[in-house]
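There's a structure below that I have some questions on.
Per-chain numbering from 1; labels A, B, C and D assigned in written order.
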Amino acid sequence: MRRINLDHLATTPVLPEVWAAMQPFFSEAYGNPSSLHQEGLRAKDALAKARQQIATFIHAASPAEIFFTSGGTEAANLAIKGVAYASQRRGRHLVVSAVEHPAVLHSVEFIEQQGFTCTRVKVNAEGWVDPADVEAALTDQTILVAVQHVNHDLGTIQPVQEIGRLTAARGVPFFVDATASGGWIEIDVQAIGANLLSLAPHRFYGPKGVGVLYRNRKARLVPIQHGGAQEEGRRAGTENVPAIVGAGVAAELAGRALPERIAHTAQLQRRLWEGLQARVPYLRLSGPAPGLGRIATSLNVSTEFIEGEGQLLLCDLNGIAVASGSSCVSKSLKISHVLAAIGLDQALAQGNLILSLGRENTAEDVDYFLDTFVKIVAKLRAMSPMWDEFQRGAIDSVVAPRGSGQTSAAPAAGMAGTSHAH
Amino acid sequence: MRRINLDHLATTPVLPEVWAAMQPFFSEAYGNPSSLHQEGLRAKDALAKARQQIATFIHAASPAEIFFTSGGTEAANLAIKGVAYASQRRGRHLVVSAVEHPAVLHSVEFIEQQGFTCTRVKVNAEGWVDPADVEAALTDQTILVAVQHVNHDLGTIQPVQEIGRLTAARGVPFFVDATASGGWIEIDVQAIGANLLSLAPHRFYGPKGVGVLYRNRKARLVPIQHGGAQEEGRRAGTENVPAIVGAGVAAELAGRALPERIAHTAQLQRRLWEGLQARVPYLRLSGPAPGLGRIATSLNVSTEFIEGEGQLLLCDLNGIAVASGSSCVSKSLKISHVLAAIGLDQALAQGNLILSLGRENTAEDVDYFLDTFVKIVAKLRAMSPMWDEFQRGAIDSVVAPRGSGQTSAAPAAGMAGTSHAH
Amino acid sequence: MSDIYTLYNETVMDHFMNPRNLGDLADADGVGEVGAAACGDIMKISLKIKDGRIEDARFKTFGCGSAIASSSMATELIKGRSVQEALHFSNQDVIQALGGLPPVKIHCSVLAEEAIKAALDDYLKRHPAPAAPAAQPT
Amino acid sequence: MSDIYTLYNETVMDHFMNPRNLGDLADADGVGEVGAAACGDIMKISLKIKDGRIEDARFKTFGCGSAIASSSMATELIKGRSVQEALHFSNQDVIQALGGLPPVKIHCSVLAEEAIKAALDDYLKRHPAPAAPAAQPT
């Protein structure tokens, strides 16, 4: 069966060009970049090239500002803890948004146990962080502000440039987690005013096993993984050379193809959203409508009266890969904390599905998904006691209330943990 | 020019079988193991298989005791910090050997800043840790003992089984860094009595970008990289699936080929050592002589009156990859702390060369190295003012004193940092 | 399903994809509904009981694959049992019949047990005397 | 060297592999030795000086590639200079002539400067009057 990937937010396949660039570094050019002989020097050279490719991709002033880690998670851990430990004499307060990825939020919880404090800035119903709320949260003790570029569950684009301006004015380092946007939206660290920024190349057709942390001189940073003097002493451990090489090439390709990728997915996103609105009643979009406020690749929808895992499994059995923020899907059995933060009704949170498009998707993919999804919804609603009660008028819809029957509406916040769909 | 790898301690090329197993997981089976669809489930399945292969390789009781990290360094960081943070209510004291890798020693230094204390157990002149010294260092507050399986610079095999017995008797968790031995000596975590053990598959023909931490129930462990619930909540971040698959296959191959690899390298090691003794005067071996006390792959030699980087460069220009523990070779400009710990004369430490054999080396490689090395030593000694003074009788040899002329002998300890050759 | 990777075993997947006894019973003698949408699972089980024996059972479920499979299997298991037997029905019966559930999904089988108990409770409340004299306090 | 990766640039590698002015001068007018084996570098420079001008220079070095290259280049640069000029010899001259050194290896060029200064000192001590009247305190 042909597979359709509507889960690009989880990960993406490595492109042939990326693959070709990586390939020699497994066996032929297998050197350790710390070695001073041919094998080592060649590997070191390859790292330098990849560092330059990444620097160019995000408009860093210098490749010396690029540090390679094992992934987006480690990059976020390094940004949060590495800045916190480096700056603890200046202050011990951080400001983060409430909808950051667990890589950020759990890092923050960890350093809170070490005596730091943190203000979590709330978001509006679309998951958007108000820069004024960030500004209000700043204190004399604030040593770091962390706000993601794009929310990983909702697709909401955050006002990072405005936040960058106000943190710069206050001299507070600003970390932008761009894991959910890198490769899909133009990233210019200087225009954003980011002092730190993280990327996960496996999200834009690069390999797994490598992450990127950009850091400029305005943010002090100590290592959190200790050992050898790799990465200018900021990240110990033998470098994952082939993956780093792949990351560089993936970034170069993404930089070149960006306008095309955005145009392509934006078109499919519109088709998908219009199809869902037309064909699936009692369905709600979370996050901004397609347009300037959201990333062009994803839609976060909740279908009323049915649960998300069943939707996901039936999509999968019909050849379509999707994700969900429902509690049944998460390892912690809690709904996505992002859905909780936007105050989504609990039952709707359980009916959540996250669709994310990529370069290889086609209009036929979208149409096939729509045809399939309509059948899946019908099948699951036929099983659902809630749908039955709604039909009989015993309960009302939260999405499109008729005004008769009681609704089970309740904000999701009570049920959420810092779990996540990706 | 044909290249001869006598630096297997730095890293090794990926074997064709390992490569073949990894290959599908870049593009065809690119899923994220956290995803619940086909792509994700296939990746998850691949992780489970690799976990079983590793468990079998080190005789773990269960694959649930195997955790994948980004490398040997992260595994050591996780063992030290993850046990320390998990056990801090029981005690805040650690015992480690003085010749651990910087991944261990710098992790320890970090947690010392967090209020832990640590006893560093000295070694004898061959770099060997006396179990009695470990026992003497234990206190009621000790929450972890860390002693490597084999020293990465010297090749000294540590008495881990004896230490495992005495830590078990005291109920103190025991961490064994087996990064320098994995794939080259039989590892049986149960026979050793290790509660934690780390491996770096790139040291035995597996890929870079993956490490292994074994941990059994007797050691409590909290994560140090925070985020998602991967690796049973003990290590967050999207898994490096292809590398983990490669690690599993590399372990399986290593397990199967172990007796053969040991026999092969032991034979070459003997040939190399005999050749050096016969053909290079004023050369000293550090660590135990070839035999039961040292790993069968490596030799750590210091050639008097000349410096190590020059030897390394001239080997390289003649097609041979080697390593050195001299200060000129290290990023910190300090000699290996291991050479300092064994009290090696400072000038000899500067003349250090580390040779490490592998499965693809041949007797011809060894002979070619010997022929080349004799010429290199002659060339560098001809440049050396010390050699000249020694010839004129103005100074004496430390390696083979004639009893005339003053020696420059001084133990290396004063000059050392926790730098490392690998 | 040879080349297909599944979240659940084959039996669970079969009951999820082809649920048995789906629906309601118009003239049910006992109906139980447990769970909450907010928690991700609602199960409703309807029973037709004659002469102290469960003649028919139906379910409707809002929930994940294993919740649907658990209720499907539970209705299969309960059919033909006496009310007395059914009162001892346990989630372990469901797990065993399904050939196992992932640890985090055990609660789905518990919900199925609770739904059956709730349906039997409803039945016993509606038919107090003949069916359960022993269950009454003395 | 096209397909070869080098730790140092081509000039440094060339001076390391083919050192100029290697050796001692039997009848040296000044000899300087600086550094220590324990620190990883010893440099010895011998000078032949005639009429206040450096006619010949030789070096011997215990040290890394850049130490050898630095002393080789330093002897090349110093030949033909007057003692007065040579007293102003700087490690920057070595770095520039070598086309740069890695940051952690700058100290090698400093050592070369110091070796030359030590050799000149030795010469001046042995030949105090005619060569350096201006350098003496008034």
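What we mean here is this: a contact is a pair of C-beta atoms (placed from the backbone, for glycine too) under 8 Å apart; a residue touches a chain by one contact, two chains touch by 3 or more.
It should be emphasised that the depicted structure is a prediction, and the values quoted were computed from it without experimental measurement.
Chain centres computed from CA atoms place D at the largest separation from chain A. Rounded to whole angstrom units, the spacing between the C-alpha centres of chain A and chain C is 39.
Chain centres here are Cα averages; for chain A and chain B they lie 36 Å apart.
Between the CA-based centres of chain C and chain D the separation comes to 91 Å, rounded to the whole angstrom. Each of residues 36, 38, 309, 313, 329, 331 in chain A touches at least two other chains.
Chain contacts: chain C has residues 4, 7 touching two or more partner chains.
Pairs of chains meeting the touch criterion: A-B, A-C, A-D, B-C, B-D. Residues 3, 5, 7, 10-16, 19, 22, 26-28, 30-32, 34-40, 69-74, 76-77, 101-103, 106-107, 109-110, 114, 200, 202, 207-210, 224-229, 233, 236-243, 309, 312-313, 315-316, 320-324, 329-332, 419-420, 422 of chain A touch chain B in their complex. Across the complex, chain D is touched by residues 36, 38, 41-42, 44-45 of chain A. Remark: chain B residues 305-310, 313, 317, 326-329, 331, 333, 335, 346-347, 350, 382-386, 388, 408, 410, 412, 414-415 touch chain D in the complex.
The touching residues of chain C, counted against chain A in their complex, run 4, 7, 16-17, 19, 22, 24, 33, 36-44, 60-65, 67-68, 104. On the chain D side of its complex with chain A, the touching residues are 4-7.
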